[in-house]
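Listed below are the structures to be examined.
Both of the next two complexes hold subunit A, though its partner changes from subunit B to subunit C.
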Partner chain A sequence: MNGIEIRQVFKRYGAVQALSNVNICFGEQKIYGLLGRNGAGKSTLLNVAANRIFADGGEVLVDGERAAENDRALSKLYLMSEKTYYPENMKVGTAFRWAKNFYPEFDEEYARNLAGSFVLNTSSRISALSTGYLSIFKLVMALSVNVPYVLLDEPVLGLDANHRELFYRILLAKYGEKPFTVVLSTHLIEEVASIIEDVVILKEGKVIRNESREELLSKGYTVSGGARAVEDYLRGREVLGVDAIGGLRTAYVLGKPDRSNPELEFSGLDLQKLFIQLTGM
Partner chain B sequence: MNGIEIRQVFKRYGAVQALSNVNICFGEQKIYGLLGRNGAGKSTLLNVAANRIFADGGEVLVDGERAAENDRALSKLYLMSEKTYYPENMKVGTAFRWAKNFYPEFDEEYARNLAGSFVLNTSSRISALSTGYLSIFKLVMALSVNVPYVLLDEPVLGLDANHRELFYRILLAKYGEKPFTVVLSTHLIEEVASIIEDVVILKEGKVIRNESREELLSKGYTVSGGARAVEDYLRGREVLGVDAIGGLRTAYVLGKPDRSNPELEFSGLDLQKLFIQLTGM
Partner chain C sequence: MKVFASFRYQLADQKRGILTYYGVLLGFYVLFEILFVVAAVGEDVNGSTTNGITAVTAVYVFVASLCSFKDNFGMSLQNGVSRRSTFLARLCTAGAMCAVMAVADELVTILAPLPSRLMGIEMGSMSLMENLYFSAAGAWQAGAFLLHLCSAAFGFFMLLAAAGLGYLITTLFYRLNKLGKILVGAGVPVLVFFGLPALELLDQFISNGAVIKAVSGFFAVVFQFAFGQPQNTALTCLVLFAAMSGLSWLLMRRAVVK
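Then we have the complex of A and B:
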C-alpha cells in the first residue's frame, strides 16, 4: 500500500507516554493537518515517522517497506523539524547546493527563487538567522526537495502575517502543479483550515480524530443565544463545550440542529473552535 | 520623565541597517503592541532597550536615567527574548528559585501556580523543553518578576490555541490587578488587537506608526464590492491597498467613507489587515 503507515507505535520519555498505540496512514497526494496541543506528541510522531527517533514499539512503513534503516524508503520523505542538522557556520546558499547530495530531486534554482520571494539572504549563516528567517530557510528546503512525502512541523513558526500568507500560496501552487503528500503540524489552525483535506488530532499521545475535514465539521454545529434558551436546548444533547460571554452562550454540539426555537442562532463548526473543545482540559 | 525612552537609536549589522534613528517612549502602565515584519528590527530594538545589545548611536533612558551599565535602571525592566541565558541542565523549578537573586520582587509561588495552569513540569530541564513549553517557561518568568517594564518578544511562539488564550487572560488579570508596562512583540496581530492600547509599527528599522490603536484604526476604513464599483470609488482617494478575490475587491482607504453608492459595503479597519497593507512589499 502506498503512503506512510504508522502501526501501533509507542514511545515513552521517562514518566511521560508520548505516543500510545498510534495507528495512522498518510496516503498519497493529500494535505493533512496534524493537530494537537503542546505536548500532545505531534513532533515525536513526525520524528518517529522520519526515523529520527526510535519508537519503543510498532513500525513505520513507507510505500509498504519498513522504514527503519532503509535508505530507499527514507529518501522518499523529508521532515522539516524544530532541530536543524547543518554544520556550524554553513551559509544558506551552501545548504542549497549541499542538499542535492542527499535529495537528488532537490531544485536549487527553485530554492533560490523562493529565497528571493521571502527576501532570505542566501549568504547569511544559518546559525545567525532569526526565528522567523530560520523557519523560512527550513520551509524553502522542504518545498524544494521534491520527494513524495513532506512532513512540516510548525512551518510558520515566527513568520509574520505576510510571510505566512505567501507560504500558504506557494504550497498550494506547488501542490496544484504536481500533488504530493503534506503533513502539516501547526497551532495556527484557523489559517490552515481551508488548506487541509484530512485532519488527524492527537491528544496525550493518542489519535482522537482521523477523518476528512468535511466529515469532521459536518458532525456537529454551533448554537448561540441567551443563557437560558441555550441551556434548555442543550438538555439531552451531546455537548462538546460551551463558551460564555456575559449572558450569552455559544455551544458546540454533536448531531443535527433543531431549529424550532427562533431565539437561537445556528451555524457550522469552525475547525479551531472545535479543536479547542475536543482537546481542552 | 517616567517610562522607557529610546532616543535616536541606530544599529547596523554588516550591510543591514537594523535600526535607523528610532525614537519611542514606552510610558508607564500601558500595554503596547510592537509590530513589524520579519527582519523589521523588533528584536534588535527590544535587546537595545534591555541593554543586551549595544546601539551604534543614541541612548536608552529608564525613568529618566541612562540605562547603559546602570543596574538600578536595568533592574526595572525584564526582557523575555528568543535567547535564554540559563545554565545548561538547570531545571524549571531551580530557575524559579534562582530568579529571586536578580529580581527581588520575583513571586515564586505565583510562578509555580502559573506552571500548574500551563501543565509545565517544574522538574524538566529547561534545555529539554519543546518550543511551546520553552515559551511557556519564559512567559511564566516574565509574568512573575514584578518589575514596572516587561518586554515580551514573541511570547506565544509555538503555543497552542488554548495556551495562547490562557496567556492573554492571565496577562490581563495581572494587569488589571496592578498595571505595569507591557511591550508585546508578536506576529499574531489579530489575537492581541483587543489587548493592546498603543501600537508601534517598525518597517525596515524605522518607526512608521506610533499611536493609540483607536487613533490608528479611526484613520481609515474598508470598502468592498464589485471590481468596477470599487475601482470607481477609489479614484482620487488615498488607498493603502486592495485585495482581490475573483470579481470582488476589498480596499483599505484613508479618510472618511462616502456611503452614497448602495452597492458598496463599508466597515472599519482591522489591525492585522491594516498592518499587512502598511508593511507589505
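Then we have the complex of A and C:
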C-alpha cells in the first residue's frame, strides 16, 4: 500500500522506552499533526522512519518497501529535524545546489524564491545562521525537495510570528497546488490546528489517538456562560477542564452537548485543550 | 541507489583540500628552488635531491580521511542516502582520490627538478618507491616510463592504506562513547610508550629477553615478506585497505546520527 507504514516499532534508550509497539500509517496526500509532550517519542519515531536511527524491533515501509537502508524508499521522504546535518561550513546556496544532486526533483528556483520571501541570505554559511534562520533554511529545503512524504520535526522552532504565518501560508499553497504528505510534529498545537487533517497523539511512546481532526474534535465541545449555570451543567459530565474569568466560566466537556439551557453558549472543542487533557495534565 | 550522487558529493568535498595541498607543495618547491639557486651562486654546489613526496601525501590522505566521516555521514542521511551507499561511495572516493594524488605525486617528482636543471644545477628527484627500493644507481633497469608507472601504482596502494586507516579511526571514534574515546585515545599511547617497555623489562626479568627476541624475529620475517619488495608492499597495502575498510563498514553499518 502507498504511504508510510510504521509497524510494531519499538525503541528503547537504556531504561527509557521511547517507542512501544507503535503502529501508524501516514497515508498519501494528507497533512498530519504528530503531537505529544516532550519525550513522548515524536522525534524518535521520525528518525526511525527516515533511517537515521534503528528501531529495536518492527519495521517502516514506504510505499510497501522497507525503508531501512533502502535508497529508493528513502528518496521518497525528507525529514527536516531539529538538529542540522548539513556541513557547518556549507553555504545556503551551495546546499541548494547539492540538494538537486540527491533529490532530482528539487526545485532550486523555487527554493531561492522562498529564501527571498523569508529574507534568507543564500550566501550565508549555515553555521552562521541564527536559530530562526536555521529553521527557515531547513524549511525551504523541505518545501523544495518535491518528494511525496515530508516530515517536519519542530519546523517553526525559533521563528517569529510573521515567519510562522508565512510558512503556514506557503505550506498550504504548495499543498493546494500539488498535494503531498506532510507530518508536522510540533508543540504549537493552536497554530497548526486549522492546517492538519489527521492527528496522531503519542504519549510515553505509545499512540493514544490516531484519527481525523474532525472526528477527534467531534468527541467533545466547549460550554461557556455564568459560573453557576456552567457549574450546574457540568455536574455528572466528563469535564476536560475549566477556565474562569471573573464570573464567567468556559468548560471543555466530552460527549454530546445538551443545549436546553439558553444561558449557556456551546461551541466546538479546542484541539490544544483536548491534547492537554489526553496527555495527562 | 544513490551511490553516484554520494560519490560526487564526497569527491567534491575532497577537491578543495587536494588543490590546496598541491598548491602549498608547489609553492614550497618554488621557494625551495629559489633559495637553493640563490644559495648556490658562487658556491661549489653540484646539486640536490628531493625524494619520496608520496610519504608526505600519505600523511595528508590520512588526515583528510580522518576528517571525512562525520559531515558526510550526516549529509548522506539528511539526503536519503543509505549507509551502504555512503560507504560504497566512500570506497570509490578513496580510490579516485588516491589515484589522482599518486599520479600528481609522480608528475611532481618528474617536474620538480626541471627549473633547477634549466639553470644548470643538477637536482635529483625520486619517487617513494624508487627511494625505498631502487635508490642505488642503476638499480632500476626497465626504462623510465615503466618506472614512473610502477611508482604511481606503488604510491596509489600506499595512499589507499593511509586512507583506510584514517577512515577506520574516524568511524571508530564516531561509534565510541565518551569513555571509550578517552580509553582508546589515551590507552593506545600509554600502551605504546609505557606498556611495551614494561613488557620488555618483564621479559628481561623472566626469560632474559628470549620471548621479545622471538616475537621480534617473527615480525621481522613477516615484515620482510610484506614489505621486502615493492610489489609485496603494494599487495600488503591493498590487503590492509580491504581489512580496514571491512572493519569501517562493520562500525558504520549500525551508526546513527548524533
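Heads up, the rule we're going with is that the second predicted complex is superposed on the first by the 248 of 281 C-alpha atoms of A that agree within 3 Å, B and C clash if a C-alpha of one lies under 4 Å from a C-alpha of the other, contacts with A are read in each partner's own complex, and residues count from 1 in each chain.
By definition in this document, contacts are C-beta pairs under 8 Å (C-beta built on N, C-alpha and C of every residue); 3 or more make two chains touch, one makes a residue touch a chain.
These figures come from a predicted structure and were not determined experimentally.
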item: Touched partner set for A:Arg7, first subunit B, second subunit C, both or neither; value: neither
item: Touching partner for A:Glu69 - first (subunit B), second (subunit C), both, neither; value: second
item: Which of subunit B and subunit C A:Phe54 touches, first, second, both or neither; value: second
item: Contacts of A:Phe102 with subunit B and subunit C, given as first, second, both or neither; value: second
item: Which of subunit B and subunit C A:Tyr78 touches, first, second, both or neither; value: second
item: Partner chain in contact with A:Tyr86 - subunit B first, subunit C second, else both or neither; value: second
item: Partner chain in contact with A:Arg237 - subunit B first, subunit C second, else both or neither; value: neither
item: Subunit A-touching residues of subunit C, taken from the complex the two chains share; value: 1-2, 5-6, 8-9, 13, 71, 74-75, 77-85, 254, 256-257
item: Sites on subunit A touched by subunit C in the complex; value: 47, 50-54, 69-72, 74-75, 77-79, 83, 85-88, 98-99, 101-103
item: Subunit A partner contacts - residues on subunit B that touch it in the complex; value: 36-39, 43, 82, 119, 130-133, 136, 154, 157-165, 187-189, 272, 275-276, 279-281
